[in-house]
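The structure's right below; bear with me while I get my questions together.
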Amino acid sequence: MDDAVLIAALAGLIGTAGHVATGALSPIPMAAAMLARRRSGGRMRVTVLGSRRSNRFTDGAKELFDCAAQGRLDVFFLSGAQIDGEANINLLSVGDYARPTQRFSGSFGAPYLYMLVPRVILFRPGHDRRALVPRVDFVSAPGWSAPEVYRPGGPAALVTGRCVFDWRRAERRFALRSVHPGETAAGVRAATGFDYSEPDAVAQTELPDAALRAEISDVVARDVAETYPQFAATFGGQGFDGAAQGARPAL
Amino acid sequence: MDDAVLIAALAGLIGTAGHVATGALSPIPMAAAMLARRRSGGRMRVTVLGSRRSNRFTDGAKELFDCAAQGRLDVFFLSGAQIDGEANINLLSVGDYARPTQRFSGSFGAPYLYMLVPRVILFRPGHDRRALVPRVDFVSAPGWSAPEVYRPGGPAALVTGRCVFDWRRAERRFALRSVHPGETAAGVRAATGFDYSEPDAVAQTELPDAALRAEISDVVARDVAETYPQFAATFGGQGFDGAAQGARPAL
Amino acid sequence: MTVSLDTLVARIPDGAMLVVPADYSGVAVAATRALIARGVRGLHLLAAPTSGIQADLLIAAGCVATMEAAGVTLGEFGTAPAFNAAVRAGNIRMLDSTCPAIHAALNAAEKGLPFIPLRGLIGSDVLRHRPDWRVMQNPFAEAPDPIVLLPALRPDVALFHAAAADREGNVWVGRRRELAVMAHAARRTLVTVERVLETCFFDREELVAGVLPALYVEAVAVAERGAWPLGIDEAYAPDAAALARYAAGTLFPARLAA
Amino acid sequence: MTVSLDTLVARIPDGAMLVVPADYSGVAVAATRALIARGVRGLHLLAAPTSGIQADLLIAAGCVATMEAAGVTLGEFGTAPAFNAAVRAGNIRMLDSTCPAIHAALNAAEKGLPFIPLRGLIGSDVLRHRPDWRVMQNPFAEAPDPIVLLPALRPDVALFHAAAADREGNVWVGRRRELAVMAHAARRTLVTVERVLETCFFDREELVAGVLPALYVEAVAVAERGAWPLGIDEAYAPDAAALARYAAGTLFPARLAA
């Protein structure tokens, strides 16, 4: 998989948001957010959970959730071990809830953030019929809600290793937006367990040119490496100083 | 009025509490708490609102209230522009609520702390029929509550410039415990607008001896002066360094 | 990010719910005088949880329609004269509250909750005069257990004074965390500071816990001695002589303050 | 105030609700191994809001009856093997939660509230499997507006690791304020530290906002590298090699950890 394609696609989806946050184990979304921030001339605020340098929260682990509820967070990223055609996501388990055949880590903040952050970008590199299913076994967070449910937020798009889907809220379904270089609309259809809209002519996800690739490498080395050293080391071959930590307090 | 008598009487009522707090404009309760702490060998915790040195709270102005609700505060002091025989206190206004003839500052934390702190000591130096009334014009906080109301706290005693009353919770009334030197039971009765129990022989509030007076003066000078410089200057004739402030942060 | 005092207070519209801190916590008195000078009207002034000279100045100048507080007082200098006169005359709408209710209702706004429960209060006339508060049975209790529910307080603007901001617009509030709660709860936060430093607080980890991040701060204005005649712990003590003159009605001519 | 590690963990009774922080926030791994060595049983282990090697060690050693968490994971080192096996086998009672619900329920306990509302969650199977949570109509809304109510989480014991305590038993937690919330919410708080300083944090105002006061701390034990193989921001990074060995089952013999 070409990470630069994914980073560029995610950065495009972030667009001109005011405040973007990325969660745990999210090097590619973080790189995309940092790229989008650079394009904004530094005006975009990016909060990276797990980073000291790229995290200005000072009110403890709850601040992300409070911040989202206050309407001060525009874009967040979520994933799913399973995602279905109604944009429900499952981060918890496969099979019967009480005796699952597969158990994952848990739902983390998804049952809340998916409903409160205006634009949630779903990101799931692995794209096959085990991941993109007709119906998730467990709804960690629902893709849509009844009209009486307070829900200022929800899905905006789904980016996989094969393609980009837009979420069509009024239709409650995904629509294929573009396939990544090397993929076809038919291939995506074959690999996807749920139904979705598809235009007559499917676009190709933009392939980054050399200049953009260089910029992405630079973003990864400068901004992402502190939080995701292994990812950065693999990505660009840039040296990484494993001892680099946040400023230590003088107690 | 002999402040040392009041300080000694309040310290006696504090007894061996684990954590005592004093609120705004409370130099005499603060001195009493500091005296009680000294007697505890320093084991008693005293939190003085308005002090930097004698205040270990670090979670903002809400911490006192959270701390009380957690059951971590044993004794607090409240007062009242009016106090009645059911231990209701009025900190707000006299006359009709909408168009009061007298307006005071407000109820502050009383509607909450009076119900949550196990032993609230009422302290009101001025003792006459305008202050100790049959029925308060406004209940800032009630002296007792119906059994279904969650109320781990309430009044323990009332100390005035003339006497000490115990609060008898089961009887919902005050009982005269002792009259201060120079006062009589009849004088207290004449100055009090509400009814209360009275033993056949009324004790006299203990008059501090020279050693205790010296100890109180020392407490005031060492512990109280930082928070209440004017009080301390008047009290003991001790010099006060008006420039003494808490440690300043090196920004 | 750094603006003039007049530009700062121009961002407080007539009719706004304006939340301000208690006297011990960094009161933007200089900004308050500028706000009076600009002639603001119809404020819902929310003291978090009490106020003194600031509320009194605004009330004296006719800027306040509704006052919400657990207490308004000049402390050891006595009652707040304009406030007391206005309440007695019925010239302002007074929402009497209690400190923990204001803290809790701001915490609710900070968390995006429509309401929050609070213990105590039942049997108090404070509750009786607040029809906007409700009492309900604790749904988790089997036995009767009434509890008060408070609607969240989400101010339009928070205004306070602090010792310093840094070059990013982060504000150091130290242990006065109630200022951070105010800023989280309010839609917009305006801050005056003694000075703006050329450093970044986040470069010194021991300072970070006491920082209100720029994320919550719309604008900062420099106002040296901006809390005077009140104090700010890091820089200067309250000016007792000036406060006594205020209480006596002689500090500002006709208490107009601007 | 300062006790040995064994004395510290002896204060955690069988069957206690024990709250522990997430891996980024100061995990008392050395104390956890001592707790396993003393043979604790029947814990209700509450992760605030997630856990990793600590939960996995305790589950592997059979110490846990109920696990409550928003997630249990070794992060980049993969799934928590003992946890996953126990859930699949039905050997522990699992209370699946979500981060903001755990934070909010601890905030409720901190404030002495019996419950607290929270937005989101409606339509999630997390809610469906939590009969102890309730949905009610927002009593302040005219239109239909369902909202979740969570009962407060008041742990018996909080246990975490920090860089330093001072001579009074105050603990510096810095920006990890979730540790202060845990301590406020819990009945008793036990802390391991890298070292005890002969100073008092309250003498340096710039540190105060990051201090958990001794008021909330029942006992402190010194445990150098007490978070290993996890890290502590002030002192050392997580030991990636050791964590990888743990994930592969070769760090502690038979994962018994003591």
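As written, the chains take the letters A, B, C and D, and residue 1 is the first residue of each chain.
Methods note: a residue touches a chain if its C-beta (ideal position, glycine included) is under 8 Å from a C-beta of that chain, and two chains touch if they have at least 3 such contacts.
Predicted model only: the values in this text are computed from it and were never measured.
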item: Centroid-based (C-alpha) most distant chain relative to chain D; value: B
item: Of A-D and B-D, whichever chain pair has more C-beta contact pairs; value: A-D
item: Centre distance in Å when chain B and chain C are each reduced to the mean of their C-alpha atoms; value: 27
item: Length of the line joining the C-alpha centres of chain A and chain C, rounded to whole Å; value: 39
item: Residues of chain B whose C-beta touches two or more other chains; value: 52, 57-59, 62, 65, 69, 116, 246, 248-249, 251
item: Per-residue overlap in chain C, given as positions that touch at least 2 other chains; value: 104, 107, 111-113, 118-119, 145, 147, 174-175, 177, 180, 205-210, 233-234
item: Category of the chain touch graph - line, ring, star, complete, other; value: other
item: Pairs of chains in contact (touch as defined earlier), listed by label; value: A-C, A-D, B-C, B-D, C-D
item: Contact footprint of chain D on chain C as seen in their complex; value: 104, 107, 111-119, 134, 136, 138-141, 145, 147, 149, 151, 173-175, 177, 205-210, 233-234
item: Residues on chain A engaged by chain C in the complex (per definition of touch); value: 19, 45, 52-53, 56-59, 62, 65-72, 116, 246-251
item: Touch list for chain C against partner chain B, complex; value: 22, 24-25, 48-50, 69-73, 75-76, 79-80, 83-84, 87-88, 90, 96-101, 103-104, 107, 118-129, 143-147, 163-164, 172, 174-181, 197, 201, 207, 210, 233-234, 237
item: Chain C contact footprint on chain B (complex, rising order); value: 24-25, 50, 52, 57-62, 65, 69, 91-93, 97-101, 103-116, 138-142, 145-146, 148-150, 230, 242-243, 245-246, 248-249, 251
item: Contacting residues of chain C [partner chain A, same complex]; value: 109-113, 170, 180, 184, 202-206, 208-216
